[in-house]
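Single-structure report; data block below.
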Amino acid sequence: MAMLHTVNKSPFERNTLDSCMRHALPGSAILLIEDGVVAATKGTAVEGKVKEKMGDVSFFVLGPDLAARGLGEDKLIDGISVVDYNGFVELTTKYDNVQSWL
Amino acid sequence: MKFGIMVNEGPYTHEASDTAYHFTKAALEAGHEIFRVFFYHDGVNNATRYTVPPQDDRNIQVRWSELAEKHNLDLVVCIAAAQRRGILDENEAKRQGKDGDNIAPGFRISGLGQLIEAGIQCDRLVVFGD
Amino acid sequence: MSDVKKFLYVNRKAPYGTIYALESLEVVLIGAAFEQDVALAFLDDGVYQLTKDQNTDGIEMKNFSPTYSALGDYDIRKIYVEKESLEERGLTIDDLQHLTYEDEDDDWAEKDSIQVVTAKELAEIMDQSDVILSF
Amino acid sequence: MKFGIMVNEGPYTHEASDTAYHFTKAALEAGHEIFRVFFYHDGVNNATRYTVPPQDDRNIQVRWSELAEKHNLDLVVCIAAAQRRGILDENEAKRQGKDGDNIAPGFRISGLGQLIEAGIQCDRLVVFGD
Amino acid sequence: MSDVKKFLYVNRKAPYGTIYALESLEVVLIGAAFEQDVALAFLDDGVYQLTKDQNTDGIEMKNFSPTYSALGDYDIRKIYVEKESLEERGLTIDDLQHLTYEDEDDDWAEKDSIQVVTAKELAEIMDQSDVILSF
Amino acid sequence: MAMLHTVNKSPFERNTLDSCMRHALPGSAILLIEDGVVAATKGTAVEGKVKEKMGDVSFFVLGPDLAARGLGEDKLIDGISVVDYNGFVELTTKYDNVQSWL
């Protein structure tokens, strides 16, 4: 199976993204939503970890949450795809299952 | 596809209820079925009709109630979680000897079995929380 | 869809500081009546939920830790605890409650419910689950 | 000493209200003055009389109401935060056109100025939250 | 006790994901009427509260970021942003709103409200405050 | 002035204790409460950081919260003092001010 993981917390505040990345198998995907979107930006202290995991796992980020936080798409790490709520729904159907990292 | 939605946080304080709402709306627009929206933990607080948000902000409860009416959604509030947090319908108010109730239109109070049933019946159960 | 689904309850939070651990357990107990294939995972701060000798007299909350030892009676036999999470917290299996079930297929022998698994093993378990409830 | 207490999370979900209660009680027992307890954010949810916690658990609302009665405490619920979350007294219910109210005995609804005043008047303002 | 106390509002959380940032701002605005010595600190994820170009149309929440630029009119002149927090997040002062106030003691000259401070400097500011409200 | 800092979150879940320790001046104190008490135990991944800070800052832990989580006082890092709610109140009066790290 291939899982869609969602992460809604900032990697600077919580261990959620770390724990998710430790358990996301190759071929799965991680969708960053809500405060979690900040992990998708360039030049941060977690950029290296995210890029390393991108070899195995696809990263997506929820556009409306990015825009709310004033983070333009020009600030994104290359290779992370932006989706809207329709895209979020599509991802849940495309992958075999969904796991919310709360 | 058939979706179950779980909302674990209250309105305004956490974005969970907002994200769940936008997801649910997008799923309906894409032609999917929403089998049930289950409100648990502080999520039960989405179901009070006593909220009066600022006029220039969204009304989270009304939005859920309207979506439920339009699409005939099943919005279920967990009874055990609701009791701890003061969400009552008329029956519960009577049963508990309370002098009023506060549940909003389109929500119903029921047991945790409704969540498990959603897990069994749905193709995807998507959880929104803190 | 098969008749029985694999339910996985993922517990990542410490008990008492927030209600998630207690209300997760309430779902597990209700869910046990539905005859699904049930497993519980404890990782990150969730491992603190299973510590021995919890005493809530001082904080005047209900001590719900004895309920974990009743899970065997509800036929819940698969309780996964993550090795890395224990180590990070300086805990060993001996710091946790000893949870057991009686195996009807083995002359009702008492067996351990808790299995300590690595993050890699837990990832596979998550991957094989049909319904994942996160608390 | 004169203490102000701020409670930022709702009952049961977070331990904040419990810790604030035990702290307040201990301060009173030690002979200190509690100038005011101010409930903000989800903390306003401590003030609903509609909760029905399990019988083998503490009743957080009743505990605050009783402590207030015994020590003549000033329990203030922020009006703006209360409106967003559905906590109403009789006046507010009338003003907002709601058909009932849910505030518990010993709590009163007032403005954020009451928090600032506590900061100014008290020797210590102790905040409990998430 | 002096007539005027030093109030410090400590903001450590990102906006929109939780309501703390918005409700903190509501306290600041009310508190401004009390003629105390007011300062705001933004550290950890709190620095995201001040980013430019926030657009909440997609999430349909009220965009409260324009309110920060009104703080000068409320005579709030001390807005401390932690350097280490910006750096950890790959942000610079140019990613933040330009907040100003008019200095009545200097012929109403427009001056910057935001001061970028180190963690060490911020620790001293915290230490010198009389009332610390954390959000 | 000397500040009493309170930390109520686990250092494994959040950055709260880290941020508090980065801002606690010599002579101040840190009181671990609620889920924060786990930082007071021996053999954890954060023990080193806590011990290092103990050179400058006094550490206290709330006993009722420790007991609730099944963490006996034998598990505590040497030099961390246990207080009850009365002791918590006393600390707030003994130090010049209180800062809650939320």
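General remarks:
In order of appearance the chains are A, B, C, D, E and F, and numbering begins at 1 in each one.
We take it that contacts are C-beta pairs under 8 Å (C-beta built on N, C-alpha and C of every residue); 3 or more make two chains touch, one makes a residue touch a chain.
This one's a predicted model, so the numbers in the text were calculated from it and none came from an experiment.
Contact with chain A and chain C alike is made by B, F. On a Cα centroid basis, the chain most remote from chain C in this structure is E. Distance between Cα centroids is largest for the pairing of chain F with B. One inter-chain figure worth recording: chain D and chain F are separated by 26 Å, centre to centre, where each centre is the mean of the chain's CA atoms. Work out the mean CA point of chain C and of chain D, and you get 35 Å between them. With centres taken as mean Cα positions, chain F sits 33 Å from chain A. Between the Cα centres of chain A and chain E there is a gap of 29 Å.
In chain C, the residues touching two or more other chains are 16-20, 44, 59, 61, 132, 134.
Residue numbers of chain B whose C-beta contacts span two or more other chains: 12-13, 15, 22, 41, 54, 80, 84, 125, 127, 129. Residue positions of chain A touching 2 or more other chains, listed in rising order: 8, 12-13, 15, 34-35, 64-65, 84, 97-98, 100, 102. If touching chains are joined by edges, the resulting network of the protein chains shown has some other shape, matching none of path, cycle, star or complete graph. Chain pairs that touch one another: A-B, A-C, A-E, A-F, B-C, B-D, B-E, C-D, C-F, D-E, D-F, E-F. Contact residues of chain F toward chain D in the complex are 8, 33-35, 64-65, 84-86, 88-90, 92-93, 97-98, 100, 102. Those residues of chain B that touch chain C in the shared complex are 6, 40-41, 80-81, 84, 111-113, 115-117, 119-120, 125, 127, 129. The part of chain D that touches chain B in the complex is made up of residues 10-13, 41-42, 45, 48-54, 61, 80, 83-88, 93, 96, 98, 100-102. Those residues of chain E that touch chain F in the shared complex are 10, 12, 20, 43-44, 84, 119, 122-124, 126-130, 132, 134-135. Within the complex formed with chain C, the residues of chain D that make contact are 12-15, 18, 22, 54, 56-58.
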